[in-house]
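Common to both upcoming complexes is subunit A, partnered first by subunit B, then by subunit C.
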Partner chain A sequence: MATANPMTRMLTPEDLLTDRSLRTRWRIGFDRAVGWVLPLLFGVAILPILAVVYYVGSRALPTLTVTVLTSTSLTAGVDVLGVPIICTFEIMAVATLLAVALGLFGGIATAEFLPDRLAGWIRTTANMLAGTPSVVMGYFGYFTFVLYFGWGLSLISGAFTLAFFMTPYVFRTADLAFTSVPRHVREAAYGSGAGPLQYILRIGSRIALPQILTGVFLAMAIGVGETAPIVLTTAAATIVPHSLFSPATFLTALIFANYGSSLGAGYVNVAFQAAFILIVVVMLLNVLVRIVSARYQKKLEGLYL
Partner chain B sequence: MSGAPVPPAASVLSVQHLSVLAKDRPILSGVSLDFAGRSLTAVVGPSGCGKTTFIRSLNRMVELTPGLRVEGTVLYVGQDIYDPHVNPVLVRRRIGMVFQRPTVFPMSVFENAAFGLRLVHESEEEIDKAVSEALRRSGLWDEVKDDLDRSALSLSGGQQQRLCIARALAVRPRVLLLDEPTSALDPAATQRVEATMQRLKEEIVLVLVTHNVGQAARVSDRVAFLHSGRLVEVGPTADILERPRDPLTVQFITGRFE
Partner chain C sequence: MSTTAVPGPPAESQPVPPPSSPDGAPRTVRRRGAWILHTIVPLVPALVPVAIVVAIVFALLSLAGMSIGLSLTPFSFRFRGPVNFGWAFFGSDFAPPYHWEIGVFIVGSFLTAIPALFLSMAIGLGIAIASTTYLPRSLTAWLDPFVDLLAGIPSVVFGIWAYAYAAPYFGVTINPWLSMHLGFIPGFGGSPGLPTGEGLPVTIFILTLMALPITTLLIRDALRSLPRDLWESGLALGATRWETMRRVGLPHGMRGILSAGFLGFGRAFGETVAVAIVLGGASRYPTNFYGETGTMAATMFALLDSAYGNGQFLALLSEMAIVLLAITLAVNIVGRRFVSSFVGYEIAGM
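Then we have the complex of A and B:
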């Protein structure tokens, strides 16, 4: 019967579903190789990260005690991290507040209100600001806040300088979050009698918020790891600052000041401890970014139905 | 149901010599059409004939598309909605709109329906009342009354569209514009939305844009046929669909466009 099937009798070489040509075999081999090489390259890429975590952890953890983390008194012979931790916390709080305020308002204005051409210029400027070397930013902060404003080497000078460094990251995500609200959602809000401000406060912000939060966490992760803007604008304080205008310090500044001594024997590994805390904080912030943006994805799926 | 009484003969919405231009290319040229009392007018025509632009120009939604210029007048109970002193936000509260795509907001069913009322800071009591009334009028009440706090995103497409209708109705507009409200829905959901439209046309002015002649035949009192931005023919549904006078209309309803 099979031979009687007219289709079978008309088979031509083009109907063959396998071919053993050199080109095809080479292509399949290449595909397989890529499947091996890419994971290998990934391993090579994360090796430095693992090495840093391991090395810093192994140097920091044996001497890292609760006393080191919390004590602010400099008893002879023991370096403690209380002051830099408190200073970092305070500088980050002020800087984040400022960066969120500037970035959020700038982002919303650019996304919703400004004419396209001006918005384009502002986006370019923000990208340039984000690309500015941090030491230049520190220099700018030193001249502007420390000298011109007369705030001296202080907590607030450091926080403002850091805020300018962090603002573009908040700005970019806020701008993107509001511009990427689906057009039909915007129209539905306007069609229901909402004005521009009501749309932003009641609908736009609700949809944009998770993305903005990821921007804020990202900005914080970047800010907490900066060194130059802080070293140039805060004094290396050894006591807890009692006002915004008091000298302050920062965990990264501590590493910068102590990395030489910590390599020598007999010194307490204060730089390693600070580095370890920073790594943990930055990793936590990155995990937060992942969690929040995953939830954001879920939310938008419903809207793009 | 539809606010203060209007003299029965006066038209609620009167479109006079309306043109919409993109740069200098007309999308709509010199359309004049009156909408009176309680009725459902279906605006039909082939793709690109300007029917969506037409309906969007009835509550100034057209202004959200950059680069379009509107000429002519649209009178809402005697007031030109394009008058520079008129607030477009107020226009859209009196002339509601439902879009092609069901677009609920990422909040509860209740809050979706209450959206327009919250904008004008109604009292909680009034909001409760208006929301249940709007959900009943849109025909969604029986399906959601037991759990008004569930997320609106969990509703089916057809339910979402009726929630959009309820959201528009909650502020008690006198006119409701429906821009192909069933084109994203399955037949069963379409049928329910059509039933809702049939009930609502006894209460307010409905303007329905549809590319579906069958739908126009089922729900409308009057059909307006647009072609290349011009109003070719308008009249009672039976007249237009069964005895069209213009050859373009004949071509359209016999399916020779699109």
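Then we have the complex of A and C:
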């Protein structure tokens, strides 16, 4: 009994490999070599992320203090981040509200009401809008809000331009969230006599809301990192804007204005500090999206049981 | 009781005809006149994206027509005159206010976007194949989100990182090395460019990184969504993993791979700020591979300030915007025809 019965031994690939010709060995060897080489390409994608975070962090963190973050007054040689942070909050708040108002209802309408052909055309248009280069969006904002509406380089021009940039993302996730509500849930709702509005407000939205939320967060992550639409439509303000129509600035705009500054190391450092804050904000939003979306997937799977 | 079909709610005694759509599923319960509520009212918010696209095209066309005094009319698009879409428009001599030729920027856009596209497609294919075939699921569950994070880094942050760290490395080390060892290829020899490194190579490097998450993600999705039977039938025939990928996976996932190419190109082609920071912003053809030039997006971004109050200059820039928009939209539409899923774009922020 001590010697292993060859019939009960675990089979290995070598047992199945009866063909030991040179060509077969070459094929298997090549396959293994590919298996070792291709994963190294992950490094090409991951190293730059680490490099960006490391270099920006090492440049920003030594001089990043609470005073720099909160002070709104300029001191000689050193810029401070209070004004851009406040402006970013204000512009993002207005732009997110607008983008949700413009995108959410359209997404629901496309998913729930419109005939399929028309909905398909509208989805294509939304995709086109999402593919528009940001500089073209900036031109549109400059021509329309700054020049034609006469709002000038101001907070509200920037917020509107950014909102139009973010709208298709909200639209698409709202559309996707409502179309991916399981059919039997929808049928049960309508079958028990609910009207479309009752279905949307009471049943559909409960299932779709988390995904809509991820869409809004994603739109915010994309919006807060945009430079061209903001730089072209808001003036580089150095004081806190006192109304919607006064000049404003943005974290990305500050980075772009300061990165090559010849006024001193303080000005360049502040660009890196702003960049570091931006990275942290965007990463947090991305993590939030992942958490909410993972929960949503579980919930959807639960509905199918 | 008459037996003719009477519009309106059916009487109690008659069976209610089930409302049905082509797939047999009732979507909404319809009453008389409800189509206004169910089709016309929802149409209003649904047309918002269409309205925005129309507004963008309208605004650009209007500004393009401003210099000959037909401002804010959509069809004042000029094909003649000092600013025009004629042959001179695509020339190489850009020196306002005397010449208005933007060909150099169109060439510059393609010169940076196409190499970046090929590089990011090659790397993205490699990563996607490794992730779907060679690495265990427990490992890719950690590695894949890292690649997606690359899409989350704002382009201006990439730009200043490249300006401060990557570009000098290119200028001092990589460009001279390339110039020395690849000098026998036409265009790759000669002066290795500025020591600060601003020029084509570092721009292509940055654009590759920015297109990489999109190409990787779309190719990965395309390969993952293939039915399991396909892979297993290949393996069961005795093919190695690589042979299965090469003969089964890649041909069947070709649509997704093509769409990854188109959308990655769209991303690289329209990229603005990072390119404006590292390309040098010259308005001439590059003398060799290491030279400076300008792309359409970066030039438009840099020059809007100086065009203030100059109608002809604004018109020129908006004509450039129209060309850029047309190319990007065409690429996007073609690319999205190949894929039906939304999942990929949402994560890559496309």
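In this section, the second predicted complex is superposed on the first by the 259 of 305 C-alpha atoms of A that agree within 3 Å, B and C clash if a C-alpha of one lies under 4 Å from a C-alpha of the other, contacts with A are read in each partner's own complex, and residues count from 1 in each chain.
The definition used in the following text is that a contact is a pair of C-beta atoms (placed from the backbone, for glycine too) under 8 Å apart; a residue touches a chain by one contact, two chains touch by 3 or more.
Please read all numbers here as calculations on a predicted model, not as lab measurements.
Asks: Taking the superposition as given, does A:135 touch the first partner, subunit B, the second, subunit C, both, or neither?
Replies: second
Asks: Contacts for A:228 in the overlay, against subunit B (first) and subunit C (second): which applies, first, second, both or neither?
Replies: In the superposition, A:228 contacts subunit C only.
Asks: With the two complexes superposed on chain A, say which partner A:203 touches: subunit B (first), subunit C (second), both, or neither.
Replies: Touch partner of A:203: subunit B, not subunit C.
Asks: Count the residues of subunit A touched by subunit B and by subunit C, then name the partner with the higher count.
Replies: Of subunit B and subunit C, more residues of subunit A lie in contact with C.
Asks: I'd like to know which partner A:245 touches here: subunit B for first, subunit C for second, both or neither.
Replies: The answer is neither, since A:245 touches no partner chain.
Asks: Is A:185 touching the first partner subunit B, the second partner subunit C, both, or neither of them?
Replies: After superposing on A, A:185 lies in contact with subunit B but is clear of subunit C.
Asks: Where on subunit A do subunit B and subunit C both make contact?
Replies: Common interface on subunit A, subunit B vs subunit C: 186-187, 190-191, 195.
Asks: Could you pull out which subunit A residues touch subunit C in their complex?
Replies: 27-28, 30-31, 34-35, 38-39, 41-42, 44-46, 48-49, 51-52, 55-56, 59, 102-103, 105-106, 108-110, 112-115, 118-119, 122, 124-140, 142-144, 148, 164, 167-169, 171-173, 176, 183, 186-187, 190-191, 195-196, 214-215, 218, 221-222, 224-228, 231-232, 252, 255-256, 259-260, 271-272, 275, 278-279, 282-283, 285-286, 290
Asks: Within the complex, which stretch of subunit C touches subunit A?
Replies: Per the touch definition, subunit C meets subunit A at residues 25-29, 38-39, 42-50, 52-53, 55-56, 59-60, 62-63, 72, 123, 126-127, 129-131, 134-135, 143, 145-150, 152-161, 163-165, 209, 212-213, 216, 240-243, 263, 266, 269-273, 277, 297, 300-301, 304, 317-318, 321, 324-325, 328-329, 331-333, 336, 342, 345-346, 349-350.
Asks: Which subunit B residues qualify as touching subunit A in the complex?
Replies: Residues 59, 61, 64, 89-90, 92-93, 96-99, 101-103, 105-107, 115-116, 118-120, 151, 153, 157, 160, 164, 167-168, 171 of subunit B touch subunit A in their complex.
Asks: Touching residues of subunit A toward subunit B in the complex: what are they?
Replies: Within the complex, subunit A contacts subunit B at residues 182, 184-195, 198, 202-203, 206-207, 299, 302-303, 305.
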